[in-house]
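Each of the two complexes below includes chain A, the first together with chain B, the second together with chain C.
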Partner chain A sequence: MECTDFKLIVVGGSAGSFSVVSHLLAGLRPDFKLPIVLSLHRLKHVRSGLVEGLSLKSKLRVIEPNDKEKLQQNTVYLAPANYHLFVELDGTVALSTEESHNHSRPSIDHTLGSAAYAYRDKLLGILLTGANRDGAAGMKEIADNKGFTIVQDPLSCDIDTMPKEALKLFRPDRLMNPEDILHFLNALPG
Partner chain B sequence: MLLGINDIKEITHAMLAYPGMDYTEYSLSFMKRRLTGLATRQRIRRKEQFLARLQDEEFRELLRTELCVDNTEMFRDPALWRLLRDKFLPALPQDAACLWLPHETSGEDSYSLALILHEAELPCSFQILAQSPSQQRCNNIEAGLINQQHHEQNLSNYKRLEDRDAYERYIVEEAGKSHIAPNLRQNINCLQGHFLSRQPKRRDIGLILFRNVGLYFNPKLNHHALRLLIDALMPGGYLVLGLKDHMPADLEKELLVCDSAERIYQKPILKEPSYGMHRF
Partner chain C sequence: MQNSEKDYNYKEYLLILKECSPYDFSEYSDNSIDRRIKKIMRDQGLNMEELVLKTRTEPDFVEQVVEAITVNTTELFRDPDVWNHILKKVLPALKHQKKINIWHAGCSTGQEVYSLLILLDHLQILDRAEIYATDISKKALEQAKKGQYFYNFNAEKYRENFKASFEGETVPDFDSYFSADADKDLLKIRTDFSEKVQFIKHDLVKGDLPFYNKFDLIFCRNVLIYFQGSLQSKIVERFHENLFPGGTMILGSHESLGGFFKTKFSKNGPVYHRTNSFHFKY
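And then the complex of A and B:
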């Protein structure tokens, strides 16, 4: 499958992913239009620091959205601490304090699975380094809904549990190291 | 069981036949998650089975309980509780007597409120009114039942709030379960019923805690709910939302933003007519 007509990018990551996401955001074209939703495992009770840290190098605006906020171009949305982030059919964000999933809130599976349902083949899902299996099922849902999937090559991961769990469930469209993911994103039209 | 959007609409429409069960304006994705979860646990495999089970009051109570998302812990967002204790509760209007939680679930916000009132030695004449659609939830709150899985987090939040280790002296063990101490829960009263269809008939509501509830409503219902709460709040009283809750711009204009980070709003005090202005 080769699709470039994406409307949304969702990225999941856990242990070790901050530096990868930082690298991606620093290297993206300044005119990169597609909204990006980040669902990263983070300390539940530390509200500040992560969005500020990611904003330091990013050429795009990075925010933690409020509930019911519409996804906009040129913007990166980071799931807030202690909230799940779901993507709705109308292109808005729905936050939730429902039960933790895989010991995580935000849960990567929840973000990826909801986006898969809402955006189907217009979705690009990227799963990065991490230390548990959260995200694997969400990535499979993206694949099942004909979205495009990229999994970070386990050889390039700080901790490869998360990508390996995903690879047990489905075969992604691409297995890439962070530098190649960045080239892929910058080559997308628009 | 997989429920599609049309199935959800059909089920929520059927729920309308029962008092206090209007969930038609809840977010569809939320309803899909919760109904699917309940159906799976109840081994309901077809929509028709779900619809048939609605006739059973026990099942409806299960459903009401399922649609109340638990508070995640006591003292979630410790900075908010510190502000309430030190700044806003002492500044409540003189006539305020009721602190209302219109959609309480696992009781942890009510217990947190009771505990800071106690520790700040604020008037014990305040009544904490915890309302829930679920009778089971009301029973649990009146009994002061605490989710034991949240114990470590409650303890950690309390330490961050109070900077000391006194949390456990407020917890008692009863029949192998953890409860908030009786002296704290004596000011907590429960009202069963959905706040959208049944509100307390009183004019002394000085504080409304409505945190992370509107997350599960669609924008129309969220607006309606906030309108209702603002109207129920006495002038000078405070409305507290969840950190990421949506506040429609037209409603926000009616309120004073007391703390934008902790989402504390105040209903303005009605000004006395300034007769002097009209003298000519």
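And then the complex of A and C:
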């Protein structure tokens, strides 16, 4: 078994990922400790309501953090609409309205890349279904910084562009369907 | 190892910039300034050594650097809920004042300045407003003065935000405020509106304001996120001094005040009011 003493989980997803994330949050142990950061693309016309939607079934608290907020256990952090979310070295969140990246704000690459640099081998990165290449480079950065990487199996994806783009760049530690991702998370110590 | 070397270089670059220009970015938050400088180097095809040399020898280049460091994304009625609150709760309280002083600190290309003007006009108190808008970026200010934006890219979102900001009220006619030219791809604010505002170049890091400095409203939205905590505190402290008692400060939707300032401001929905706490020694 590889090293599993993670300090943070980051999840990227786009088209089709809402139901997967919602399923994961509903199925996690209620005492699941590790902070989870979600960087999800939103439909242009559905800016608000995502945090409420995810909270419906989640066992854990889901919030859109403020700038410079400290990441804490038992909490799920959703990148707010129209902001990039970066993870900083001191375990806080930094928000930014910098230009879109891959037509996206929040950009998954930005969240994943910054977390990779800050948490290195203590980071678990998960890339889900999506129709955009944003996220692929960020996942590679996690791998390059010795973090652990899980890519959703393209066969289980609504739209497999995002995971396939990631697989072009590097070889993840795991290729899993959502059910297996859930089991993996629930089996983590702590 | 590679990374700590990199950090050292960027910090050193900021010191050089400070030394040979009026700009001090040393208290900008590390990660964001780091990304902006990387972007400049990438866009201009420069390595650190070349960047330093150009900065030392070409004053025009320094201005380019400042433009590139500054983030200028903004939109008309960004976060409609906030504007709806300002329309219904904040502005009506100012209705009986002879004069309303307003400062937009870090106004960027001006969309939110005009958002407020539209609300003031809707409440028929625009003639009493004295409005200052400042930014560090000359380019952004020039665009703000023109009040001219791309039409095709923004029109739909702007109309949507506009409508949502007036929720619960009679929605005025968007086209009475803007002239739109889809062919030229232009959306332009009424000239009497753009002439109503005094746009002034000002660096928030610097203390003194180039105008009378007591305000009923201070807007500073999504600017503080680029600063380190120490600089954020300094600027919020100054806003506190620059507000009339009971005056209102409007920050970005995901910016919050640290512990100390929570006693100096009371939060009401998405906005902060200056409290009258005289027992505090600064």
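FYI, the second predicted complex is superposed on the first by the 184 of 190 C-alpha atoms of A that agree within 3 Å, B and C clash if a C-alpha of one lies under 4 Å from a C-alpha of the other, contacts with A are read in each partner's own complex, and residues count from 1 in each chain.
Just so it is clear, a contact is a pair of C-beta atoms (placed from the backbone, for glycine too) under 8 Å apart; a residue touches a chain by one contact, two chains touch by 3 or more.
Computed from a predicted model, the values in this text were never measured in an experiment.
After superposition onto chain A, the partners chain B and chain C occupy overlapping space and clash. Contacts of A:Lys68 after superposition on the shared chain: both chain B and chain C are touched. Of the two partner chains placed by superposition, chain B and chain C are both touched by A:Phe86.
Contacts of A:Ser114 after superposition: both chain B and chain C are touched.
By the touch criterion stated above, A:Ser96 is placed in contact with chain B and with chain C alike.
Across the superposed pair, chain B and chain C both touch chain A at residues 45, 64-69, 80, 82-83, 86, 88, 94-99, 114. Against chain B, in their complex, chain A makes its touches with residues 45, 47, 64-69, 80, 82-83, 86, 88-89, 94-99, 105, 114. Of all the residues in chain A, the ones that touch chain C in their complex are 44-45, 64-69, 80, 82-83, 86, 88, 94-99, 114, 117.
Residues 3, 29, 31-32, 35, 71, 73-74, 78, 157, 160, 222, 224-226, 229, 252-256 of chain C are the ones touching chain A in the complex. Contact residues on chain B toward chain A in their complex (touch as defined above): 27-30, 33, 69-72, 76-77, 156-157, 160, 212, 214-216, 219, 222, 242-246.
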